[in-house]
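Two complexes, one shared chain (subunit A), two partners (subunit B, subunit C).
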Partner chain A sequence: MGNGDYLALAAGAANTIAVSVLAIAIGTPLGLGLALIRWGQIRGLDSVVAALVSLLRATPAVTLVLLVYFALPTIGLELPRFAAGVATLALGSMAYNCEIWRAALLAFPPDQLDAARAFGMTRGLRLRLVVLPQIARAALPALVNEMTLLIKVSPAVAVIGVIEATRAAVRIGAATYNPIPPFLVALAIYIVVVGAFVATQRMLERRHRAGLFA
Partner chain B sequence: MIPHGIEVLWEQRDAMLAGFLTTFAIATAAAVCAGLLGLMLFALLISRVRAVALALAWLVDLMRCVPFMLFCYLIYYGLPSFGIVIGNLMAGIIALTIYNAAYIAELLRGGYMALPREGIEAGSAFGFHSWRLLLHIILPQVLLSSIPMLGNQMVQIIKDSAFLVIIAVQELTFAANEIQATYYVPFASFVCAMLLYWVLCLAVEGGVRAVLTMAEARR
Partner chain C sequence: MTAFSLTRRGVLLGSAAALTMTAAAKAATLAEIKKRGYMTVATEDDFRPFEFTKDGKPTGYDQELLEMFKTKAGFEIRQDIIPWTGILPGVTTGKYDAAVTAVLVTQERMKTLDFCSPVVESVDYYLKRKGDKKIQGIKDLSGLPLGVEAGSAMLKMLPQLDDMLKATGGSLGKIVSYQGYPEAYQDLALGRIDYVVNVWLSLQTIAKEKPDTFEVGEAVSKPTYIAWPLLKGNTELLALMNEFLLGARKDGSMYALQKKYFDTTYEHMPEAPTANV
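Right, the complex of A and B next:
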């Protein structure tokens, strides 16, 4: 492997990180939105969301990315490869995160809501000041776990030609007839990226605990 | 547009069905093999031989950092470097098996850690040792408590099997992609594939619920 190959792997790693981080930034709040729809038991919408989430959770990322990239243009929505990749991973992340947020909402003690209502807080205020800060902390480990899973399915976007870390490694392996070294570098990249997410979670938890006992 | 797509898909139903059956066969074969390999790894993970248990725990953790697609390529392109030449279908099943066995071993270990120690201690007090303790005392409890997690892993195997399209295994996503490329009906073919994956995953969920009810009834 020459210097150019390391550069190509670094560019691939940058793509992996960019696709994953964007998908997480879009998918996590969307998942919360869907969870709130289900939590609020908005009639009609509720069961539609439940079915959509169940379908998306059963769909392999590879299949979904092909659908997004090839089928959206037929309804006049042409996405470039990178955007299609982000959209696909965000959809999957939305579905998984919806279930995580919903579990946190279902575990939320209702008497706190009654108390907030008794103090005359509006629905929006109750959500923002009472519910969200607490469920965000409760959901954090599951959310981070989901983020690491997303990074591990992110190579799926290579199917539509986004050159991320895995694809870059395969190309170098094919060009040098020696697939093992680039694969090991790619593996190291994933370990570092996944490790960074887990370390961030630990840091947030430590900071919260320090705040609690301060 | 969409009625046309459905029409084309109906004409190509044999190809779609063949892909569906291949996905089903691959996922079933990989699940059985991964289950057995996972059990063996689990036995070694909780064994008294510290060096083996530690080395294996490290390997399992490493495997959980690898994206399946990378691992799949590694098996497909890497094994020939060691003189092992296998077809793409076989490579796919081997990759699915080893990858998921690591996850299964880890989730079984989680179930084992959550078991109350008293039952196991009583078992060994009654003279159950090593593999008989494992087989008669530990495994039944661990497997029972891990049923939902094993179901999740089964769903994961079904979804991971779609990655095999990259090494040209002719499974469901491959079939949908072929039809899409030939007749230009991307919407109908991929939505159809998604619905078929959904059917498989709902069947697994139903199976898990049935087994849980059965286990509850026998208690």
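Right, the complex of A and C next:
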């Protein structure tokens, strides 16, 4: 592996991080929005959300990204490849995160809501001050788990030419007939990126604990 | 390691076919290309020696041909470099006007795609252990276990060998399908199978690398062709690209590239590809 190969892998790593972080930043709050729609049993909408989530969870990332990039232009919606990659991963993330948030909401003790209502708190205030801080804490491990899975699904976007870490490694392996070294470098990249997410989770959890017991 | 294979063309057709059905194609005709000023093509990034990337830059046999075409086309050519999985869906949905990539011409693909004049010819041969006395010719292959890549075009071509064997009163032995050819070569060396069927170019490379272990036998199939696909019915664009490709044969520049990348030349290919698989 020459210097050019390491540069190509570094550029791939930058794409892996950019695509994943953007998709997580979009998909996580959207998932919360969908979960609130289902939790609030908003008539008409909640069954639409349930169907959408089921459909997205059943669609492999590679298939979805091909559809977004190649099939959407035929109905007049043309996305640049990077945006198509982010959109695909964000859609998947949204669907899985919806279920994670919903699980946290379903486990939320209803007596707390009754108490907040007795104090005359509005719906928005109840959500912001009582529900969200607690479910965020409860959902954090599952959310971070989903984020690490998303990072490892991100090579799917290579199908439309977004060259992330794995594809950069494949290219080098194909040109040198020696795929092991570039794949080991790619593996190290994933370990570092996933490690950063897990470390952030630990830090947040430590802070919450310190806050609780202070 | 093997050099390269022409094999994975059989897989992943499913997703391409699925997309074809959902999308109404809208590839540009030659007139439309001239009007908007550019043509879009897709090339691959990991199919050495046809198209691959070196230090992040595209290169290879097809890439050099494309660069020649760029200077002669008379309009801009915008190139997207994407993996094989996205290539045929990209062409069938009209995202790309053509794929400048090595695609095996098959009857199945000819239903939805038109192919340019071929850029490479390929014939399947068999590979045997060096000095294996029980195999002296094609008829000795009867009944022997053989290795081939799962889902590959070579697997689909095996009935042609079966016909050859039947003509001498024999029949095809047990077919062992492998995920990749390296494993098949290993099993051949170990004696678990007695011959491997693959394209001549790949077998030639492995036999050159391991001359004490393997030797190449005879042709076991009709020739197949590798060509650039575009959407069916895009006749004028096809004619323009053929004019370039046949011109590159006439002035020898295509053969020079073949010598450079394949260490051989294919000077007797027909002008239009036929699908023998």
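Note that in this section the second predicted complex is superposed on the first by the 214 of 214 C-alpha atoms of A that agree within 3 Å, B and C clash if a C-alpha of one lies under 4 Å from a C-alpha of the other, contacts with A are read in each partner's own complex, and residues count from 1 in each chain.
Keep in mind that, in the parts below, a contact is a pair of C-beta atoms (placed from the backbone, for glycine too) under 8 Å apart; a residue touches a chain by one contact, two chains touch by 3 or more.
On a predicted model such as this, the values are computed, not experimentally measured, just so you know.
> Should subunit B and subunit C be called a clash or a fit once both complexes are overlaid on subunit A?
On the shared subunit A, the partners clash.
> For A:160 in the superposed arrangement: first (subunit B), second (subunit C), both or neither?
A:160: touches subunit C, not subunit B.
> What is the contact status of A:194 with respect to subunit B (first) and subunit C (second): first, second, both, or neither?
After superposing on A, A:194 lies in contact with subunit B but is clear of subunit C.
> Going by the contact rule stated at the top, is it subunit B or subunit C that touches a larger number of residues on subunit A?
Counted on subunit A, the partner with more touching residues turns out to be B.
> If you stack the two complexes on chain A, which partner ends up touching A:175: first (subunit B), second (subunit C), both, or neither?
In the superposition, A:175 contacts subunit C only.
> Tell me which partner A:66 touches in the superposition: subunit B (first), subunit C (second), both or neither.
In the superposition, A:66 contacts both subunit B and subunit C.
> First (subunit B), second (subunit C), both or neither: which does A:146 touch?
Once the two structures are laid over each other on A, A:146 reaches no partner at all.
> Check whether A:8 is in contact with subunit B, with subunit C, with both or with neither, and answer first, second, both or neither.
second
> Determine, under the contact definition given at the top, whether A:74 touches first (subunit B), second (subunit C), both, or neither.
A:74 sits against subunit B and subunit C alike.
> With the two complexes overlaid, spot the stretch of subunit B among 150-158, 168-176 or 204-212 whose C-alpha atoms clash with subunit C.
Clashes occur only in 168-176.
> Give me the intersection of subunit A's contacts with subunit B and its contacts with subunit C, in residue numbers.
62-63, 66-67, 70-71, 74, 158-159, 170, 173-174, 178
> Of all residues in subunit A, which touch subunit C in the complex?
2, 4-5, 7-8, 11, 62-63, 66-67, 69-71, 73-74, 81, 158-161, 163, 167, 170-171, 173-175, 177-178
> List the residues on subunit C that touch subunit A in their complex, please.
So the residues of subunit C in touch with subunit A come to 1, 3, 15, 18-19, 22-24, 26, 45-48, 52-56, 80-83, 85-86, 89-90, 93-95.
> List the residues on subunit B that touch subunit A in their complex, please.
So the residues of subunit B touching subunit A come out as 1, 62, 65-70, 73-74, 77-78, 81, 155, 158-163, 165-166, 172-173, 176-177, 180, 186-187, 190-191, 193-195, 197-198, 200-202.
> Quick one: in the complex, what on subunit A touches subunit B?
Interface residues on subunit A, with respect to subunit B: 54-55, 57-64, 66-67, 70-71, 74-75, 151-156, 158-159, 165-166, 169-170, 173-174, 178-180, 183, 186-187, 190-191, 194-195.
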